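Shared chain: chain A. Partners: chain B in the first complex, chain C in the second.
== the complex of A and B ==
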């Protein structure tokens, strides 16, 4: 890695303030950022890396009324094994438990997982050899290049990457709110292809915590080529509130988690085997696969069906 | 045991006999337990900073920073700093640059060269796994400066720990190292598994070892070794 200065933050606001001019980058578990710095995937390089892990009391998991409050620095392993999360936000616990490998789950945080950059291989290529749309280039190379792991639901700001965070669809399905140092953003509006970032954060903005409404039932499933240490080809989270409203969210199929209103309509009358199958069909009815990823449509269809069946009955 | 070579150490073990001694040597060298390595890691109190560009030495950090900024404004390395790391029970003061990973630091600034392997260097393989405060962590994606005040254990330290001798022997007996490159990482997680579960089931071992990749495919031998070692350690206690 090229050199940078290192700073230990004592509060989220301090970190945000230091990072506001864009030359200092914040780091939680570091499992994503350090890799990007080693590969120098961006034309820019930070002068300073701010360690967020030294901030006290930002990794708690607590119950507050009809929601859970989860600190951004909560380790993925802790989220996956927390009884509170397992009981009230099962999809999130399952999703956190499927991220990468056990070791990385001990290092990586929930805030870091949702802020990780896209895993597009053009975006991630070392030394910025594909100056893609996200870095100010003219086009997205995945559009005509090898796009087997890319979006099947079109682009976001011209980028065809697929969201690779496992916990993102769970947070969107559960209707969570992302609390940053500046504002509160619904998880549904948080993600997307924005410059280097996979979310709407600005320079000098740090995720502080998540507020996750309790769901009566929720579930998560992931399809990846390997069981461990792999990003999703596609994943799916569904959540049902006490009044029976069901949210269906796919990940790995669009630059942001893809909430499928079509699938939600199909299961509006209750989740049954037939409705789940119809929901799978409905979810992919609007898919627009690229040249090499039509196979992902089949995976997405089946994932929606199977994940819904986890909460059926 | 600083004056005892591993060969003598294993021979003196008696119980395991010469065969296990030789096998233990094999696994010991694979695990990167160099003779007297653990004993050589001594505590330094008066820290001397060495300029990484010109090699000039000083004990005063401020004058190092001043020297660095004046003499080497375009240096391609960062301004070094002193990090106090507790590695295998020894408190070490080492000179690190802020961007050095723990794996890089173990290689460059300590004499623990064998155990924490570099393979993918991106957190994807588990070869560089160490225990930080008792929990597995990837040394290639952890900055050394973040490890201050934390307890770091490497495979060398675990292998030199008398309590974990059954694990070393079980690894040798099960022939869990084939080419041996991934073994230190797996071995480190093995300690965590035994600490966490006592007597782990096969499913628990496979789940916890899921972050460690072995291209020789020795996975089932790790399961065997850890199961046997856990049983032996339980019996021994």
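== the complex of A and C ==
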């Protein structure tokens, strides 16, 4: 690992200001960033890493009217165990509880989880072996390479990686808002393949908190090859408001969480076993798997059905 | 049950039954205590003031040659102490055949050709720290000529494949990219056997390359210091870490024969290695570190790899295709198979001169069945994977059990019946394992025809069993030296780098048992440059070691008793050792401590009399597996795993059962997730880390029920034998999956959801 300066921020604005020229990167739990720095996956290295953990009062979980306010530095373990979250945003609690391992969940934060970079193995091979589109290259090597874990719903800016953050589909399904030092962004518009980032954040922009509307019902399911310390092959979050409107969001199937309006239409009349099954079929009806990941279509179909059944009745 | 093989049940396999320590629990092991307490020093722990760091250039290509090299900018970087290239005279003079005899060919220690992505090639630098090394390597201007590469042994087997090792097989253009000539073996007449069989079936088997998942990146630490014994020519002594589970300084010494130095000039620094499995090939840093230190006046040099650079392959690809013939009663009557084994670019376990592959490995296993007609051919095919070093031969009972499963399905028989009908060796070992395992697993209650049972949660239920031999390993000669000190303790030095086999702890109990000493009075200790391992291979070494330890203990006890008898004024027959005390047999209350009676020592070097490998007594093991298969996602969960293993005699239960559980956990990972994956377009390893190479986590570990069986038929002390290798087989899970789905056997491990779903889809179609 190369040397870098280390700065402990006292506020989100201070961190954002220090990071505005792009040579400083921000770090919360550090469970993702430090690995990428060790492996030197990028051609460029940050001059400075700004530690956000020293910012006071940015890890709270509180109820505010018909929404929850969750600080970006809230530990994943705390989100998973919070009675407020479990009661009003069950999908988010379940998703946070499925991230990585207990150790990592006690270090990693909700803000860090949604900002972690894609786990695409072409992107992550050390020493910039694959100078892919995300790093300024011309092509996405996964498109004709080993894409068994990649997108089944096409590309985003030429990238076929799959979103790997477990909490992202839950936040999108719940209709959450991401509050940064510059703006408020609906979670649905927050994610994507933008340079090395997996979201729309700009240099000098730091996530401060999340506003998560209370849901009448919500649920999350994850499919991974290991029971612990594994990124999703696919995951799914669903959320239902008091008026019965249901959102269905898949993760691990596209560079950003994939909201399936086809599936939502299938359960517009209510979530029953038949509707859930139809929603699963509808969700994958527009899938475009790559050469080695057609099996993920079956898994996505099943996840949609099963996650919806968790809120049926 | 067919014919029995001859057992050797005398001498080493004596029928002693009065064990005080052997087979009992709660004996703290020296090594395990070291590891758990933090006392154990690993190579990465070594550091001294002034230590410099060394790193090598690693190839970004699957196969490439350096056509131009300019190190001038690297040499200018502050903090860089030394830059050497492959053209350096001393490096060029290093032996081309490196220390592991499992390596082959004539590639130099540091050459201009990279044989796989990540290969150390061209340049090494020494600098004040790792970051400076990296900067220096980044500053080296390299012109690469990318060369053709092969990742799949089946591709390498095709005539016309790029030849990576022409020196190993001059006829490669005719036989594919082989290492040596193909081997054929035939018994009986296979064509006639197939023609006469009631049934003929095709079988196909494949397994990928697996990693040895090294959790700790290796660091090779070396320095030169004045020889404490003096030396007329002033030559210094080299201290160096040892990173393969070779004894003592052996591989280091052999690497430096070119220096004109002597074996006693190299001293191994630590025995602990940290989680490596069957890796016989050193990374090149192990040999380069002493050279770099020497060039810099002997200062400590720590040669490092990043965690990615040290993520090696170990177990090679194996592909088997063929036909089996069997009769209506379930008897296997003909086997015809072709074996394609992979070798890495730099090495493989295929050196026939060492006797491992006198015949194709699965033929060895089929030879243990009643089948009279067997034909098998085999060759090693060289690929551009990283070092490939583990033996594909030992565990090749998987195709045998696959054949048994085909027979069972065709005849609607439990596979357990097919096993008992066809495996011809080692009753009562096989019967005992089968009976104990079936009972523990509730086989009779769980077995069903393929595709016949669905669990309440909708998952498909499957079970399977398989048999395998446990190696008796009479091939190794072990050297055990015992010394009784003036403190009345018995000392046993060991020197082997340790990877989890913990044999000194087992030897300690055997010595205590045999001599009449308390275990705490038998001290095993690490002794650099000592050599326990005299010849041969060392898998499942417990059998050989305990045998040699027992022989040495008997001899030392005789010396002690002779001395003690003279002090009592009686004959040696009239005294015994009891709880570390010389005891008068006629009056056990009369005891004398052995403290102070003098120093006595013995040495024993030898091996069990049990012949090696073929046509010998074989202790067996039978494993049982229960799975649940999600028909909608293809996800497989191992619900229950029973391993009935004939240990011959359990010496140290904590070690024996621990080995078993380790092996079964490894099997679960290999069966369901593990494989090394390269990008087919570039030859770059994609999953060289612990996230993407999916070893089991604690939550993935299946429920394991270890059922020890003691037939006393092994080659070691009291009839003990080895444990681990057989259970690392992944194939059993595949047989259980087939029993669950009722569809085709999956022909390629691991049994991932995509493959399971493909089988289910084919059934529906």
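Side notes on the structure shown:
Rule of thumb we're sticking to: the second predicted complex is superposed on the first by the 313 of 313 C-alpha atoms of A that agree within 3 Å, B and C clash if a C-alpha of one lies under 4 Å from a C-alpha of the other, contacts with A are read in each partner's own complex, and residues count from 1 in each chain.
Note that contacts are C-beta pairs under 8 Å (C-beta built on N, C-alpha and C of every residue); 3 or more make two chains touch, one makes a residue touch a chain.
Predicted model only: the values in this text are computed from it and were never measured.
With both structures placed on the common chain, the touch criterion links A:148 to chain C but leaves chain B unconnected. After overlaying the two complexes on the shared chain, residue contacts for A:30 are found with chain B alone; chain C is out of touch. Judged by the touch definition given at the top, the superposed model places A:101 against both chain B and chain C. By the touch criterion defined above, A:228 reaches both chain B and chain C.
By the touch criterion stated above, A:298 is placed in contact with chain C alone, chain B being left untouched. Contact with both chain B and chain C is seen for A:3 once the two complexes are overlaid on the shared chain. Of the two partner chains, both chain B and chain C are touched by A:38.
Once the two complexes are laid over each other on the shared chain, residue contacts for A:51 go to chain B alone; chain C is not touched.
When the two complexes are superposed, the chain touching more residues of chain A, out of chain B and chain C, is C. Comparing the two complexes, residues 1-3, 38, 101, 227-229 of chain A contact chain B in one case and chain C in the other. Within the complex formed with chain C, the residues of chain A that make contact are 1-3, 38-40, 101, 119, 121-122, 124-127, 129-130, 141, 144-146, 148, 223, 225-231, 233, 292, 294-295, 298-299, 301-302.
Those residues of chain B lying in contact with chain A across their complex are 76-79, 97-99, 101, 121-126, 129, 135-138, 141-143, 145-146, 189, 207-208, 210-213. By the touch rule above, chain C contacts chain A in their complex via residues 60, 117, 130-131, 134, 306-308, 632-635, 672-673, 677, 679-682, 684-689, 691-692, 694, 696-700, 752-754, 757-758.
Residue ranges of chain A in contact with chain B, taken from their complex: 1-6, 29-31, 34-35, 37-38, 49, 51, 53, 100-104, 106-107, 227-229.
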